[in-house]
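Okay, here's the structure, questions in a sec.
Order of writing sets the labels: A, B, C and D. Residues in every chain begin at 1.
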Amino acid sequence: MPTNATGRLAYLAGEREVEIREYPVPDPEPGALVTEVVRANVCGSELHIWNGTHPLLDRMVLGHEALCRVSDLGEGVTTDYDGEPIAEGDLVAPTYFVACGKCAACGRGEFRSCENALSHWVKHPDEFPHFHGTFGTHYYVHPEQYFYKVPENIPEGVAAAANCALTQVLFGLEEVDLSYGETVVIQGGGGLGQNAIAVANEFGAETILVEGVEERIERARDFGVDHVVDFREYDTVEARADRVAELTDGRGADIGVEVAGVPEAFAEGPHLLRNGARYLEIGNITPGHTTEFDPALLTRKNIQVTPTMHYDPWYLGKGLDFLSRTVERYPYAELIDAGFDLVDVSTALQKADDREMTRPSLVPGHEH
Amino acid sequence: MPTNATGRLAYLAGEREVEIREYPVPDPEPGALVTEVVRANVCGSELHIWNGTHPLLDRMVLGHEALCRVSDLGEGVTTDYDGEPIAEGDLVAPTYFVACGKCAACGRGEFRSCENALSHWVKHPDEFPHFHGTFGTHYYVHPEQYFYKVPENIPEGVAAAANCALTQVLFGLEEVDLSYGETVVIQGGGGLGQNAIAVANEFGAETILVEGVEERIERARDFGVDHVVDFREYDTVEARADRVAELTDGRGADIGVEVAGVPEAFAEGPHLLRNGARYLEIGNITPGHTTEFDPALLTRKNIQVTPTMHYDPWYLGKGLDFLSRTVERYPYAELIDAGFDLVDVSTALQKADDREMTRPSLVPGHEH
Amino acid sequence: MPTNATGRLAYLAGEREVEIREYPVPDPEPGALVTEVVRANVCGSELHIWNGTHPLLDRMVLGHEALCRVSDLGEGVTTDYDGEPIAEGDLVAPTYFVACGKCAACGRGEFRSCENALSHWVKHPDEFPHFHGTFGTHYYVHPEQYFYKVPENIPEGVAAAANCALTQVLFGLEEVDLSYGETVVIQGGGGLGQNAIAVANEFGAETILVEGVEERIERARDFGVDHVVDFREYDTVEARADRVAELTDGRGADIGVEVAGVPEAFAEGPHLLRNGARYLEIGNITPGHTTEFDPALLTRKNIQVTPTMHYDPWYLGKGLDFLSRTVERYPYAELIDAGFDLVDVSTALQKADDREMTRPSLVPGHEH
Amino acid sequence: MPTNATGRLAYLAGEREVEIREYPVPDPEPGALVTEVVRANVCGSELHIWNGTHPLLDRMVLGHEALCRVSDLGEGVTTDYDGEPIAEGDLVAPTYFVACGKCAACGRGEFRSCENALSHWVKHPDEFPHFHGTFGTHYYVHPEQYFYKVPENIPEGVAAAANCALTQVLFGLEEVDLSYGETVVIQGGGGLGQNAIAVANEFGAETILVEGVEERIERARDFGVDHVVDFREYDTVEARADRVAELTDGRGADIGVEVAGVPEAFAEGPHLLRNGARYLEIGNITPGHTTEFDPALLTRKNIQVTPTMHYDPWYLGKGLDFLSRTVERYPYAELIDAGFDLVDVSTALQKADDREMTRPSLVPGHEH
């Protein structure tokens, strides 16, 4: 049963214009969940959307990362998506997208590529069930939306981030079949990059980070990166390629991971890799940004490129397991900044945009 | 035993400057073969090399496609690489590259990516065993170089081409796991593209060719292509993308094959494909040619790119089997033009360069 | 809206004791379908259940194969599982099992292994929604149960069988990656075996059937089998193994398919296969039947065994596509016998049990 | 250059009848190596052969595991199979089998299944190059036989064993795609089992050993096994299955590894595994030993069986890398017993047969 009759949410009314609005807390449909948001993180996507540079989304409820507490179970919901019993009061992490099960992609079993993945997210709050994003006191989990009970040993902010960076790189690195004993070069030391270091390390791989920001390099060292190629020292593609070669018996890395999010990183990738390498492309997700690219660099080296936009939704369960096993070994909590009240969401967005903070988080419950 | 004491070969002395030279026919080392060239085709690579635009190769014996007759068996050679007994007089097709077995790539079992693949090809004829290329009366097959007996029902020129276009696309389409019932869009109707139509058709796939040259389109129809998107009618990327969408339930093709050999085709690829498609890159092999490319087009559609430069050498055996099974069903012989004497190799190259002919061939035995 | 207030169904009250019972036609839940059964086939499983030899099932509504006409769409149902618009009156084929999405198997994305696959089937008709099996005037399709519109060119009985034999072998042969040019030996020429011949043939494989019943051998020839190893002629394991070797260059087949359904076939399998072969096990599904087995036969030949009980549910869509493409080329309809009224279900079962008929079918609409 | 004109080897003249014979040390053919044996281990296979229970081998030079010192390089040998420079005096580990490259299996790229894998091993010493087995002062490495330089930090006996148990289970566990976070149940705590614990642990998997011999259980604990199911306590299949279920959330393990080497273990396997599990069969390699087996146990659980007899030869390089990385973390040396002179080979075999020792080793150099 819902604990309060109405809830509040952060609505993007226009470019960099957020309003807090109030809506009735809905009753869950059969198979759905109504939850209270315990913690929600501000991620790069919110900045893009807030700044109006995300081409596909506007006029919507903000927020996609969250740790939630179940407040109302729809008819028929007795377990999470791993078969674990679920009850009111349980802490859960939902995927931020869905696999509809009925589009052409889902119809091939390629749930990661569901054509309707974001159909519930990009909605105006006047539409039922109102709480489409995680920047609010409540969040509605749809019948086909995967969610998992959160292991107790995962800190709040880390659990809230599980459905994004960690699970994305875990999925991606399994897609390119990163194996024990291989070397992976990671382009970019933001949240995705740091999580990639943790995953690669657990898989028994050697890690090389290409990055130029001191703070990110230091954090990567806390995450146990094996080598850093510092942009400030190696300031050309050639210099970085030579340095990576030097670290890999003259050959280049087995795996590349693009999480810098700029097209130039994609163009640089092949130079850092060995013949027959695999390249995971995650960072470049906003169309319209091009670079000069030489496809023969891929062909002559037989480099396979695997881009991943989302993940098969059951990977969130694997992501939470991963965090639970390794939470003592990696400083995941350092990736999350202190929390703001929901009413201060614009401040939080501004601080992230100014790069004063990496990943501010919201704690809607503060305001109760 | 060699049938004559000396042989002749086509040596590239400088840009567009070919000399016919004479060398002693070598004795084969243990594991090697000496062969007489029955037929050798002029392929696009030879034109690049002849014109001096191939960055990696010069001053060498020309030619990489050939049908050969075994004239001298090295010690220990009793079978081809499929275990079939081999004897003097047998017709064989060799791979044009080797898998050395001892480089880092071979050491991972990735024979397709051997770092020494072309080590025997790019050699001056003064060096033993002289007959490094197929444009000559003889051709030397090294101990680690795969070769296969040629089924009797394959015409000479077609057999000579087996180690190049057909086997390359057969390998590539298996690498991207082209499956029964899928739709493949092929960019470019040259030799690779026509062979891709045959392979895709045999695998039970539907084929769409993107091409603008009338003669190639007609040939594709002879090869049984299902649909043609004619550049002359659909003259923008958008128009071609719309047309492919129209042919594929509005979604784009399952598989793309780039055999046009220009960077712009690579940049166009993602527009022709569905969410979650696979893209086979074969045509762009000469580094130094760039295009404006937007990597987010790959990411947002989860399009996996698989480039292939060579193939695992045992695929030549599969390629010959494929030709033997299907030689009645596809006009492979149309892809090969009439033969020239070895002394006329420059004429043959000129005619190919002028596009008067597609794939002239040499018949060194004419001159006996 | 339901066209009649009540419907009838075949209830297994005890061993070989079927009663026709009447129940109210239910209203569909959100996401569900109510359908009228156009045609339902009697399959081997029904005989096992009827005879009481199926260990897991009893006291239930019979029937799992069907062609259905949509009579009532649950809230929110607008398309089938391939995104095709769906309306009352459409002909659909449903899977006979579900993937619950929430068990441990589904939670790994292994929908084919759902632990609750048969949860809706094995139910007493007193329980809502009553019409749990396809032997009735109506059939209820649950919200998580895949269903597909049936292409118009597929005959009724063939469409009714699509969710069983054809889709099962299509899935299985893709699981063992049957490829163009390979040879497959099929143990058993019942419905599964005949469908396996069609699929293997379409994939470009060569087929060998091991069978001893004249009628089945003749049917296999109609299905275009390449070779038959007749049990009556080759009456020992060794003789059959020798014959298969003879047909495969002395090596054994690349792929084996066990659809005989007896443990002895499983024990014979390795003898028919080459080193490094793959073996698809489908037929042995009833536990408690053992055979003397030598596991070293698998090890010494590196034979991989892939058993499949069900299939990923989206394969039913692929199965219907397959039938639609190939319906002119294979005599699928021969596999289905003439139809009975629902009241004559015991007669139909008896005739199948007596092997007077292969696959009798029910046409519940006859009785209207 | 050979350091002595003749060498000695252990020849199996008859059942349990070993003679030390003397032969000239051969000159290496092009591509071959002559080596001095530094250390050779007595493995289970030698006991089988010695006792006459190995059906395929007799009258031969004994021994397949060895650490060797290069004494004579054949023409053209400049590197090992990983491209590392090689010189006289280097310590190397060779595979004990070959991939001929020319049989039907090699012709499909399935080097693990080479039909001529043991062609050099099972030979009478009168035949050139005499030193066909590792129980001798010298060992001949053929041109197509993979060998790798041995990292310095690997102890002698461990290096000698690298080409057998460790590399076999490393290959096998990659074949069944053992992944981070999975649970593997290992049947049998001999050398293969202990090595499997190490590999599984490094891959981030949880390990369960099923074993009943105290000493093996203790060793497994030294190797860091997570759980032991003790045959003495759980003395029925059902009890062991229940215990494994209890350790795995009631479901059974993700992966099973059969290294007990008895058919009963194979029959027990499915009971220990979850729905959709993978089963690696390594131990049962001697044909002629059967068990009562119920194939429906595989089918109903969709359990895939992957048997491996040998490995792709480049895995030996990966195996040596693995040992070098992990030699400080696992007590590999405990698996190898103290060394014997070559003349005492019968004593060593007897002690292994009497189970007084696990893996005695020979140190042929002692006798110089």
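Heads up, the rule we're going with is that a contact is a pair of C-beta atoms (placed from the backbone, for glycine too) under 8 Å apart; a residue touches a chain by one contact, two chains touch by 3 or more.
Nothing here was measured: the structure is a model prediction, and the numbers come from that model.
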Tell me which chains count as touching both subunit A and subunit B. C, D
When contacts are scored as defined above, which chain pair ends up with more C-beta pairs, A-C or B-C? A-C
Distance between subunit B and subunit C based on Cα centroids, please, to the nearest Å. 44
Chain-centre distance (mean CA atoms) for subunit A and subunit C, in whole Å, is 41
At least two partner chains per residue is the criterion; list those residues in subunit B. 104, 108, 115
Edges wherever two chains touch, nodes for the chains themselves; is that graph a line, a ring, a star, complete, or other here? complete
In the complex formed with subunit B, which residues of subunit C make contact? 174, 179-181, 202-204, 318, 321-322, 325
Per the contact definition, I'd like the list of subunit B residues that touch subunit D in the complex. 29-31, 79-83, 101-104, 106-109, 111, 115, 143, 312, 314, 317
In their shared complex, subunit B is touched by residues of subunit A numbered 104-105, 108, 110, 112-113, 115, 249, 251, 258, 263, 266-267, 274-276, 281-282, 284-309
